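There are two complexes below, and they share chain A, which is joined by chain B in the first and by chain C in the second.
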Partner chain A sequence: MNETIEKRHMGLRASRALSNTIIYILLIIMSVIWLIPFVCIVLQSFRCESTWQVGYVIPQQWGFDNYVRLWQTNFPRWYLNTFIIALVVAALQTIIVLCMSYTLSRFRFRARAGLMRFMLILGMFPGMLAMIILYRVLDDLGLTGNNSLPGLILVYVASSGMGYYVSKGFFDTISKSLDEAARIDGATRAQVLTKIILPLSKPIVIYTILTGFMGPWGDFVFARYVSQLKPLGMNVAVGLQSWLATDTMTFNNYTLFCAGGVVVALPVALLFMFLQKYYVEGVTGGAVKG
Partner chain B sequence: MKRYSDLEFLRLSKGQKFLYKLIAFFASIPRAVANFFIGIGRFFKKLGVGIATELADVVSTFAKGDWKTKLSYVVMGFGSIARGQVLRGLLFLIFELVFIFYMVTSGGYWMSMLPSLGKIGPHEEYNAILDTHYPVYGDNSFKILLYGVLTIFFIIAFIYTWRLNVKQNKIAQEYEKAGRKLKSGADDLRSLVDEQFYKTLLALPLLGIVIFTVMPIVFMILVAFTNYDGAHNGYSNQLFTWVGLENFRTMFSWDVGGVNYSATFGEVLTWTLIWAFFATFTNYFLGIFVAMMINKKGIKLKKMWRTILILTIAIPQFISLLYVSRMFSINGLVNGALQALHITSTPIDFWGTPKLARIMVIVINIWIGIPYLMLIATGILMNIPADLYESTRIDGANAWQQFSKITLPYMLFITGPYLLTSFTGNMNNFNVIYLLTGGKPTNIAASGAAGSVGYTDLLITWLFKITTGSDTKYYLASVVGIMVFVVVSVITLIVYGLLPSVKNEEDFQ
Partner chain C sequence: MASVKLTKVKKVYDNKVVAVHDFDLDIKDKEFVVFVGPSGCGKSTTLRMIAGLEDISDGTVEIDGVVVNDLQPKDRGIAMVFQNYALYPHMTVYDNIAFSLRLQKVPEDVIYEKVTNAAEILGITDYLLRKPRALSGGQRQRVAIGRAMVRDSKVFLMDEPLSNLDAKLRNQMRAEIILLRQKLDTTFIYVTHDQTEAMTLGDRIVIMKDGYIMQVGTPTEVFEMPKNLFVAEFIGAPKMNIMTTELVKEGGKYYVTPFGSKIVVDGEKGEMLAKAGAESGEILLGVRPEHIVLSKTKENAIRCTLEVNEMMGSELHLHVFTEDGTRLIVRIPTIDLTPEDRASLVRGKELYISFEGKVMHFFDKETQKNLLVPQD
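Let's turn to the complex of A and B:
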């Protein structure tokens, strides 16, 4: 009797060990697939013997040539552009999104339901349609081409109120009895927000800043249209993409693209990894609340 | 179709249950569609009734009003000032003055030009002194349409404010009659950080949305009814004008100058739906699967696995996707490796054939999409009570049964709305397609339609090509955009009606 139980136990343990081994193998394979492109891009950015695309990964001649060359192009300017845009957008967008989401979470006013439905419907229109007219308007204001920085910031920030869902979901989870207690003690609505709710909302504030900061690094559609590929008005995404788009056998920037990609991805990815916790909270909360 | 009661349903066999549910699902689609149209009808009925009651109230307020109220119908804010609410009254008055000034100086002009979108195009005039012809620019159709829309917005805002002004007078008059004290300007200001704090908070975000989202969308919807394109840019070459439903007719006809637009549209739409389906569900199930693997008891280094996967979120897509796209090109790394390992002798053209290119974008999208789903699924999986698994294990359920009976239903129930938004999000997933293939390989048969459409083009990338390509047909882009909206909204509304858990937002508070 005892023996059979022992046997079954061993069988269970063996099958668990087997399934865990399979999982480890799968996870290792996945990790390799996920990492290969990033390892390759780093390796190729150090290649010095040629600047075009080749079919092998390990450079025959190592060196920092591409990074040095990067410095001589307009890349530093693009980098600065993107950095400024990202900083300003992160700050302003956070204020706008928090205003919007806090209001929709806490106040029950007459137009509320209609407003939310309206924005839901608005979100179903492809935003790309607005591009043509926004470009023409910005052009009239002189905010395109080499001066596209303020124009881009304006457009990114102005429409950011639509993305209130995640932080509204967060505010919904903060108990309303806190507000009511403070109101009974004589606090105004504004004081409730600044003194009670905001100190509790650190995770969502960081999430909003993080997404606001990362967005401009990746935008190449609108930024490309607004900057019209003028050298001083581009951001890194537009610039690097234009290098790859004009990449031919005679005029090639392939390794330059790799080096630029590394320089852009490194700080952004590090920042993201550093604040990962907040991002995960935001994303999971947002999906559960729909 | 026969409807079973709960008891009868339970008595059915597994296959019958599945069949019954399947039939029930399809049977409910017509009702959902009908509900959709009934909903639209109801909306307009509500709108009509609303306007009628407002009008009735305006008339009755005038009939019952004293002379202060009556004068306020013409001089906005007069009643408020006369009754001591100076701040409110002044705001009304200033708004009215600004409105009149705007309408007289420019608004009237834009409105008068709106029906024609400009009369005098660019032309040449003769200069007698220099004895030459020189070009003269006439009206600007684009500006007329733009400022026309703005003026209409302004007029609507004025009507709303005027109505508010009338309502104010009515209330103030009632207060006076009852002998109650009216709110002072200081009270109004104080309430803006208290009871009406929401108005303060919403002012700026909503202003931004109206100017930079609503207005452009209204403008672009109107463009669908004009002939605005590269050759009619409304200023320097030719004016554009209203053409009615002509563009929609073009999009849905079989033969316009030898080009079959409706076939192209159908092809792109079909691929868009196929893509959205696979992109959503492959990511969904594989993401759950990966999350379960990492979460499994006894698996070590959980944080490291997650961090590796999250790399594709952390690194901007234009870098990772452009690079991956190059990896799979003819002289790229993948072909290099395949040849070095003697698996193939000639390079595979991953992006060259329609079928292979389509499979590739779906597969690479998995690479991009799994990490998101893994994060979301991890959060939800942790919320499933552990004793559910415990008790089913005692009852002898195996891992697959646990997954299909507990995990999956729970996930589907909670993430139903998310699945829907991610489906519509994938329909408009510009980045993945544009960065990986740019819509290629080109569809020769369909490329006669604007924007040289390719086999991997979604509606949204096609729209982009029409807008920015060599022959910019803005009116056609606008039609495509409207069709995207129609498809997305119809799918959303119908599926929303079918979802088991249309969330109750108060639940979590």
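Let's turn to the complex of A and C:
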């Protein structure tokens, strides 16, 4: 009897080991596929023997030439543009999204259900649809071309209230009696949000900040359209792409483009590395009976 | 330290469901009032309306003579303990208790004194620097009580504070709440669905059903003189036995005829029936399980068959069926029984039970109201 149990146990262990092996092999293959373009770009950015596209990956002559050249172009300006836009948008969007989510999670007002349904439907239309009219509005306000910075911020922030789903969902899981206890303890609604709900929602706050930052950081379509390729109004994505606009330009700028790409990817990669732990950290233990 | 007065308080939800109907109650200063009733009876809703967590649809709530209908919870001078403790999980026990004081910008040294003092009373000094998740249920509930204590509030509200604890701890905490009440000397409003808690804690008990108050009274009043069948069955465990029977008035004397027997209603209860002008007719007769005795004789006793014998330690709960299939519960102290008696009480045994007139409760068959209690 014991032997059969033992055998069965061994069998289970073996099959688990096998399925784990298969899963790991698959994951390794997938990550290699994902990493190839990135590795190529990093290697190309250190290539000094030529500036055009070549048929090999490992540079023959290594150096920082491309990175040095970057700072002699408009790239620092674009980088700063993008950084300012992303930072401001992340800050404003986080505030708006969190307030919106808290409101929809905790308050029961007449228009609540209708508003949520309306935003759901509105969210089904791609943002691109509004591009032409948005451009006309921004143009009338003088916020296009070289002035596109505030214009872009306006566009990115304007619709942020609609991104409430994830954080509202999280707030919904926090017991309402915490709000009630805090209100009896003398907290205003704003204090309940800042002193009770937000400290308990760190992962969601981080997530909101990250998405708020990432959106404008990598945006191409709106930035391209609003900046109209004016040198002072472009962000990094548009600027880098402008270096590859024609075959001749690609011939001169390909390795430079790769160096720019690496510099753009750096802050985001670092941000993710440092904030990753908040994605998995659960913090609500012990709030209510559990 | 304050009186609380509820006048025609009503709660109607958006979907037109009425949770509380015209609730009238005068709670005196330093009184301990318990709202009790089955789930959905509106007891928690009423408490939450007093706390300001729920809008009052109609009527007024006064605390210390001030109408508080439109005041924020924090401005009502109340403290509240929740069923699920509602401790702030990201704060230590100390910070949890200090939270309300910090919001009031009380100096830190005063906060320190108050928090340690409350912790001392509740016996949680050792846990002050722990987070709530590192505490047991009983300790968490103590922290929740501590948080309410430091507010020096006029009224202490408790919403089923012991329901999440296991039975043993519940008994212990119940005793501690009695002690706490003596120390705090303030007005308490306590919500529970547990009649034992209501009976042991309350100066007065408010029994509710479907949003209506069924009876307000001291534990003795609601136990001995339940106003209606619902209160009679709700208070007391195991619940009161109810039998449909005939009340017969004969020559100025009353007797009842449950299951073919004939039991005279003598003494005080008989006089009260006469005073109430009770007439012959079919009624509902209530007798508590502990008031039924095993009869030695067959005369004027009810014949029944034993179905289940529950050994509770100091007493036996006998579930018996009468000849017409009515189920009754009889509570017998174990100490009165010889070992032979106990051994003979097995399923299927034929028993004769009886009870005296003074333990009877009489309810109108239609209105289910107690014939002996003046109704308003």
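In the analysis below, the second predicted complex is superposed on the first by the 235 of 290 C-alpha atoms of A that agree within 3 Å, B and C clash if a C-alpha of one lies under 4 Å from a C-alpha of the other, contacts with A are read in each partner's own complex, and residues count from 1 in each chain.
Just so we're on the same page, a contact is a pair of C-beta atoms (placed from the backbone, for glycine too) under 8 Å apart; a residue touches a chain by one contact, two chains touch by 3 or more.
Since this is a predicted model, take the numbers as computed values, not measurements.
Student: Classify the contacts of A:S31 with the two partner chains as first (chain B alone), second (chain C alone), both, or neither.
Tutor: first
Student: Applying the document's definition of touch, where does A:F125 land relative to chain B and chain C: first, second, both, or neither?
Tutor: So A:F125 only meets chain B here.
Student: With both complexes overlaid on chain A, does A:S159 touch chain B (first), chain C (second), both or neither?
Tutor: Only chain B is touched by A:S159; chain C is not.
Student: Figure out whether A:P199 sits in contact with chain B (first) or chain C (second), or with both, or with neither.
Tutor: After superposing on A, A:P199 lies in contact with chain C but is clear of chain B.
Student: Give one of first, second, both or neither to describe whether A:R13 is in contact with chain B, with chain C, with both, or with none.
Tutor: neither
Student: On the A-aligned overlay, A:K277 touches which partner chain: chain B = first, chain C = second, or both, or neither?
Tutor: After superposing on A, A:K277 lies clear of both chain B and chain C.
Student: Which partner does A:S175 reach: the first (chain B), the second (chain C), both, or neither?
Tutor: A:S175: touches chain B and chain C.
Student: So which positions on chain A get touched by both chain B and chain C?
Tutor: On chain A, the overlap between the chain B and chain C contacts is residues 175, 283-285, 287-290.
Student: Note which residues of chain A are touching chain B in the complex, please.
Tutor: 16, 20, 23-24, 26-27, 30-31, 33-35, 37-38, 40-41, 53-57, 96-97, 99-100, 102-103, 106-107, 109, 119, 121-122, 124-134, 136-137, 154-155, 157-162, 172-173, 175-176, 188-190, 193, 214, 217-218, 220-221, 225, 237, 240-241, 244, 254, 257-258, 261, 264-265, 268-269, 272-273, 276, 279-280, 283-285, 287-290
Student: Can you list the chain B residues touching chain A in their complex?
Tutor: 142, 146, 193-195, 197-198, 200-202, 204-206, 208-209, 211-217, 219-220, 290, 293-294, 296, 298-299, 305, 307-320, 322-324, 326-327, 329, 331-333, 335-337, 339-340, 367, 372, 375-376, 378-380, 414-418, 421, 424, 428, 430-431, 434, 459-460, 463-464, 467-468, 474, 477-478, 481, 484-485, 488-489, 492, 503, 505, 508-509
Student: What part of chain A is in contact with chain C in the complex they form?
Tutor: 108, 175, 177-178, 180-187, 191, 195-196, 199-200, 283-290
Student: Would you mind writing out the residues of chain C in touch with chain A in their complex?
Tutor: Of all residues in chain C, those touching chain A are 14, 51-53, 72-74, 78-80, 82-90, 99-100, 103-104, 131-135, 137, 140, 147, 151, 164.
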